[in-house]
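Sharing a structure below in structure tokens format, with a few things to ask.
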Amino acid sequence: ADPLTLQLKWVTQAQFAGYYVAKDKGFYDEENLDVTIKPGGPDIAPVQVMAGGGADVTVEWMPAALAAREKGLDIVNIAQPFKKSGMMLTCLKESGITDPKTDFKGKTLGVWFSGNEYPFLSWMSHLGLKTDGGPDGVTVLKQGFNVDPLLQKQAACISTMTYNEYGQVLDAGIKPEDLVTFKYEDQGVATLEDGLYTTAANLADPAMEDKLVRFVRASMKGWKYAEEHPDEAADIVMENDETGAQTLAHQKFMMGEVAKLTAGSNGALDDADAKRTVDTLMAGGSDPVISKVPEGAWSHAITDKALK
Amino acid sequence: MTAGSVTTGPVVAARGVDLTFPTSDGPVHALKGVDLTIARGEFVSFIGPSGCGKTTLLRCIAALEAPTSGSLLVNGMPADDARRARAYGYVFQAPGLYPWRTIAANIALPLEIMGFSRAERQARTARVLDLVDLAGFGGKYPWQLSGGMQQRASIARALSFDADLLLMDEPFGALDEIVRDRLNEALRALWAQTGKTMLFVTHSIPEAVYLSTRIVVMSPRPGRIIDIIDSPLPAERPLEIRDSADFIAVAHRVREGLRAGHSYD
Amino acid sequence: MTAGSVTTGPVVAARGVDLTFPTSDGPVHALKGVDLTIARGEFVSFIGPSGCGKTTLLRCIAALEAPTSGSLLVNGMPADDARRARAYGYVFQAPGLYPWRTIAANIALPLEIMGFSRAERQARTARVLDLVDLAGFGGKYPWQLSGGMQQRASIARALSFDADLLLMDEPFGALDEIVRDRLNEALRALWAQTGKTMLFVTHSIPEAVYLSTRIVVMSPRPGRIIDIIDSPLPAERPLEIRDSADFIAVAHRVREGLRAGHSYD
Amino acid sequence: MRRALPVLTVLLAIVAIWYLAAAMMNAAWVRDQAARANQTVTTGQLLRETMSLERPVLPAPHQVAAGLWDGIAKQKITSKRSLVWHGWVTLSATLAGFAIGSLAGVLLAVGIVHSRVMDQSVMPWAVASQTVPILAIAPMVIVVMASIGVTGLVPKAIISAWLSFFPVLVGMVKGLRAPEAMQLDQMRSWSASRAQTFWHLRLPASLPYLFASLKVAIAAALVGAIVGELPAGASQGLGARLLSGSYYGQTIQIWAALLTAAALAALLVMALGLIERLVLRGMGLAR
Amino acid sequence: MAINLWLARIGSRASRLSVAAVFGLTILLLWELACRYFAIPAVILPAPSAIWASFTGNLPLLWGDFVQTILKGALSGWIIGALAAVVTAIAIDRSDFLQRGLLPVGNFVAALPIVGIAPILVMWFGFDWQSKAAVVVVMVFFPILVNMVAGLAATDALQRDLMATWGAGYWRGLWSMRLPAALPFLFNGLKITTTLALIGAIVAEFFGSPTRGMGFRISTAVGKLDLGLVWAEILVAALAGSAFYGIVAWIEGRATFWHPSQRRR
């Protein structure tokens, strides 16, 4: 079988269920592929791993990928299993925030960095808020791995994913009524999340291109299977988690939420979504994430063949 | 400062003092059945072959070593209490100067510990440095001095705080004859003026005879006392006394004792 | 093993040797204009007030210190080459035994370094231990020995490898008269039998006179040679020679020199 | 018993302080929760609840003990939920890193003591190397190693060696220079070669320094191994365990992993202490 | 390297620095060449020239990060940790009970890996520099403690005996003897932990921080693949760390001038 390495954006969890299902259910075997799935972690840039030759394909968010392109890394989106963004800002009701336009001023907000801060920054520049901690801006905290800053009230709001951290906040015993959430989708600043990226060099190599076609086809099969069998998918993720830290209940919750985000996608990137992502990022005020409209940052070549 | 001067009994009273060092290849009998009483104001020399237990006996008196058995009182109290009462000054066989202090600071250290004022410390340091002919070397560090100079610094240190009891372990071993004579005279003068009690280990028979009111001769394996000689010499002792018949007679008796202590002789 | 025995010139040839130690409070003149020639088979004693530079001179000859100026040849070569050729054995002023080695292992160390076989090492160690009367203490660690015993162990160590030139810095300072006499005799016998060259620092005038063919008297500040005395005593020297008129005359001259060296006298 | 009593006393004191701290630190959350539910809590309730939270700020000792028991005793040791298994993964990287690191440290120290060029050129750079924030370059090390096909234990061992060589280097340089001038002079008087001076004098004289440094180094090696497990790829080992525990806010799991790591370090340090005592006794230095 | 050999032989202060510089420049040159020759992508390893450009281009930013992480986080934590370790070491040294009770438990507690503690401490002490300082305290505590405990035991028997003869109490002996004797060990610990303190402060920022600080900058810059900035921060860390180490080493030289490892000969 042809070997192929996939670098994930984060640790093994249902966020990546499609790939684990495809591997476990033999969809990759059917395509004569031997796929190695590498879990990610904090402070590791998947595209850097790919640039170093440690992986052939990575799961990455589009803002980070476009930023990397500006740094001269020729990476290309070849498929987009996630149709919608799962990112949101979750606030304690007692912090008194109801409307982003008026209430954020002077508050402390938790944000993920390492390439995940771009959507937040462009949202803030949409709102005209400074992020330098001044009195008419917001104070930004580099949020760690978990939701503790909210629970300990070190921040008024923290970044959460619908499918993960939000569930953790609920698990911690805070009721949805006590929370206020702002989805990026609803605020009109959503950017594309988990997509599949590879290097332009790979794309130019016909043998590699063929492998990628088969990979994307099998992966999407995995995703659709996972959407339909969320419990089984969660089980498969649990089996693949080597840390033994995940709980089945949480993975089932996550699978349920992730399915809502993948639902609208057959794997092909919607140009309009990509366009909207670019617009959001370019509007980043004084310090835009990307300075010019990217050229050739995505390609339909693979999905066109895969989905035939 | 110098406690113990209140009692009138013997300064040192040892009864059947035994000391055994356990070592990996069997115990070493360093002292066996030592009986010794030393009255206030005596000048007692200890002499004996190398390894016969002189240092060990002095250490017991100083409460640096605990006898395995027997009783040992210093100034009428247990040796350890006497140590805590700062009853004595001790000149060790090796100089033992602290390398991070200058010579002057080394000498001032016990004074500091005993709470002398700064001015007093300086005065005393200067005086004893002068006494051992090291004036001008107070600012040097120990490793910058010759062996004999280090030895003298250590003597100066023990003299600085005027204890009533002085324990000196071969203090003049590394000194030349001239300095030695000079220091012998100085030490005797000091003793005569102050009425201190002196316990003095030496290997030099003339030195022992010249200085002492009593000479204790020891013998090794196990370390014990084989002779105690009361000196018939007068209190007034010019250096020339060393040619007197009395002197030579005592020296002879010491030498005989010493020789007897050497099993191989 | 012992190189340098091929040449026939002087063993030590010093011309105008100067040595100054820079210290934080000004330079110390340890040696000034030292001229000295020592022929093969001589027994030379160095005597002088404490701090006059005896140790420093020995250290220069051993190439442990480099003269600030002047020339110094040992066995006809620069001192450092002689050191590398293992021309000498050195007994330091302090015992300097390694605490992690037993006495026997301490003595065997230079032998080990010079590549003697195990059997040879054992034989030599036993022999020199016996010579200094420490047989039976080979298995002890240094801190289990008395000061004099440590000193003897260090002498044994320097004798073990039979160098043609022996440098000894107050080797017998911590020993009693009897042992000292015995070791004096043994040392002279060794010297007479082997024709070694001996450089010997001592503070004891009788010892210097008894042992030496030549006596070098030094004086301090700056350290220099003030007298060199050729001994008129015969080669055969029983201990009783110390009562002879010649002996007393030489001793007197040494004492005069020594006294002159003491500025305060 | 004479040895156990003080240890037990101190342990008991720590546990007591720990319970107290847990009650105090967790109380705020319990009160907040009650406020959100419009309830009031009695002190007894408060105490009981602070001891049994699922996501405590500070878990109570018995909760951690339960976590440890669950991770160590209740799982098959080959199971990925077993702390023994994860501990073993970390331990092997630690030992490998420690071996490489301390060897490198000793060798560099020997070089520095004997070569002026090395003394002047290596030390500043060794210092600089330690100031490179390891967590920052750990991902790069792992990426670079992965790109040349080296994965698994080796990159972790390298990071842990990186952290552990420095204490050994500093301690050994000091220790090898510790012999008294007179002892060195003796060696010179015997015209001992550098190697002989090293084996017979410098090395034995440096041992107290060496062991003090080794104890620090092995703890550092463990930290290195754990750091090496944090970034991408590593999904086994106590580091990965800490991370995922942290990511999912499972405080008890973090503490269980933490205590396992600390126990591991303490065992390693104790083992070194034992070796130290044996060596020093063999040399007649222990009194 | 030939230049280096030559420079090393000159051995003046200036040449000492240049030896290190030549060595470093050689490495930088090789690095630059490798980057160009193998066309290593800048997102994997930027060339030194690119790093330098990034460094000079971001000076105000880097200075702010330096203040936040090193002056506020690392330095305060290091000082508190060192004080705590010294005090604990003394407590352990003072009390046999603590020695047997606290040291084993202390080993255990202090061996908690910082990467595990950092998130917890961030949770406890908040996002700003206080939590970083706390991490540093935990990190530097153990190495200093271990060294200090070893140092307090580093006096020799003679030095301790002297204190005993002066009837010095525990604190007196601590201040005048054990602390000075422990200094070489203490500085060993302090030097090792200068770099640990930096690592700790930087690493702790990975677990939560305000939007400044070196760790924050590094992790966000890695996310942006701005490797030039990452390495510029590393350069700052290396410069600061070397300076920090250099200062401590300089103080060590002043404070322990008497230790054989600090004396020139």
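Letters are used for the chains, namely A, B, C, D and E, taken in the order the chains are written, and counting of residues starts over at 1 for each.
In this text, a residue touches a chain if its C-beta (ideal position, glycine included) is under 8 Å from a C-beta of that chain, and two chains touch if they have at least 3 such contacts.
Note that this is a predicted model, so its numbers are computed, not measured.
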- Message: Give me the set of chains touching chain A intersected with the set touching chain D.
- Response: E
- Message: Quick check on the contact graph: shortest path length from chain C to chain E, in steps?
- Response: 2
- Item | Per-chain CA centroid nearest to the all-protein CA mean | E
- Query: For the chain pairs A-E and D-E, which is connected through the larger number of C-beta pairs in contact?
  - Reply: D-E
- Message: So the centre of each chain is just the mean of its C-alpha atoms; given that, what is the distance between chain C and chain D in Å?
- Response: 53
- Task: Just give me the whole-number Å value for how far the CA centre of chain A lies from that of chain C.
- Result: 84
- Query: In whole angstrom, what separates the CA-based centres of chain B and chain E?
  - Reply: 49
- Mind checking the centre-to-centre distance between chain B and chain C? Centres are C-alpha means, answer in whole Å. 28
- Among the residues of chain A, which are close enough to touch at least two other chains? 42-45, 48, 52, 144-146, 148, 152
- Junction residues of chain C, two or more chains touched: 94
- Message: Quick check on chain E: which residues sit in contact with 2+ other chains?
- Response: 44, 119, 123, 206-207, 219, 222, 259, 263
- Message: Taking the top-of-page definition of touch, could you list the pairs of chains it picks out?
- Response: A-D, A-E, B-C, B-E, C-D, D-E
- chain E touches which residues of chain A in the complex? 42-45, 47-48, 51-52, 64, 67-68, 71-73, 113-117, 131-133, 139-146, 148-149, 152, 154
- The answer for chain B against chain E in the complex is residues 59, 62-64, 83-86, 88-90, 92, 94, 96, 98-100, 109-110, 112-114, 141, 143, 161, 167
- In the complex with chain A, residue positions of chain D that touch it: 29, 32-33, 36, 54-55, 57, 79-82, 86, 135-136, 139-140, 142-144, 146-147, 230-236, 240-241, 243-250, 253
- Message: Under the definition above, what is the set of chain B residues touching chain C in their complex?
- Response: 21, 23-25, 28, 47-51, 54-55, 93-94, 133, 139-140, 144-149, 151-152, 169-170, 173-180, 203-205, 255, 258-259, 261-262, 264-265
- So in the complex, which bits of chain E are touching chain D? 1, 4-5, 8-9, 11, 16, 19-20, 22-24, 27, 44-45, 97-102, 104-105, 107-117, 119-120, 123-124, 142-143, 146-147, 150, 154, 184-185, 188-189, 191-192, 195-196, 198-199, 202-203, 206-207, 214-215, 218-219, 222, 230, 233-234, 237-238, 240-242, 244-246, 259-261, 263, 265
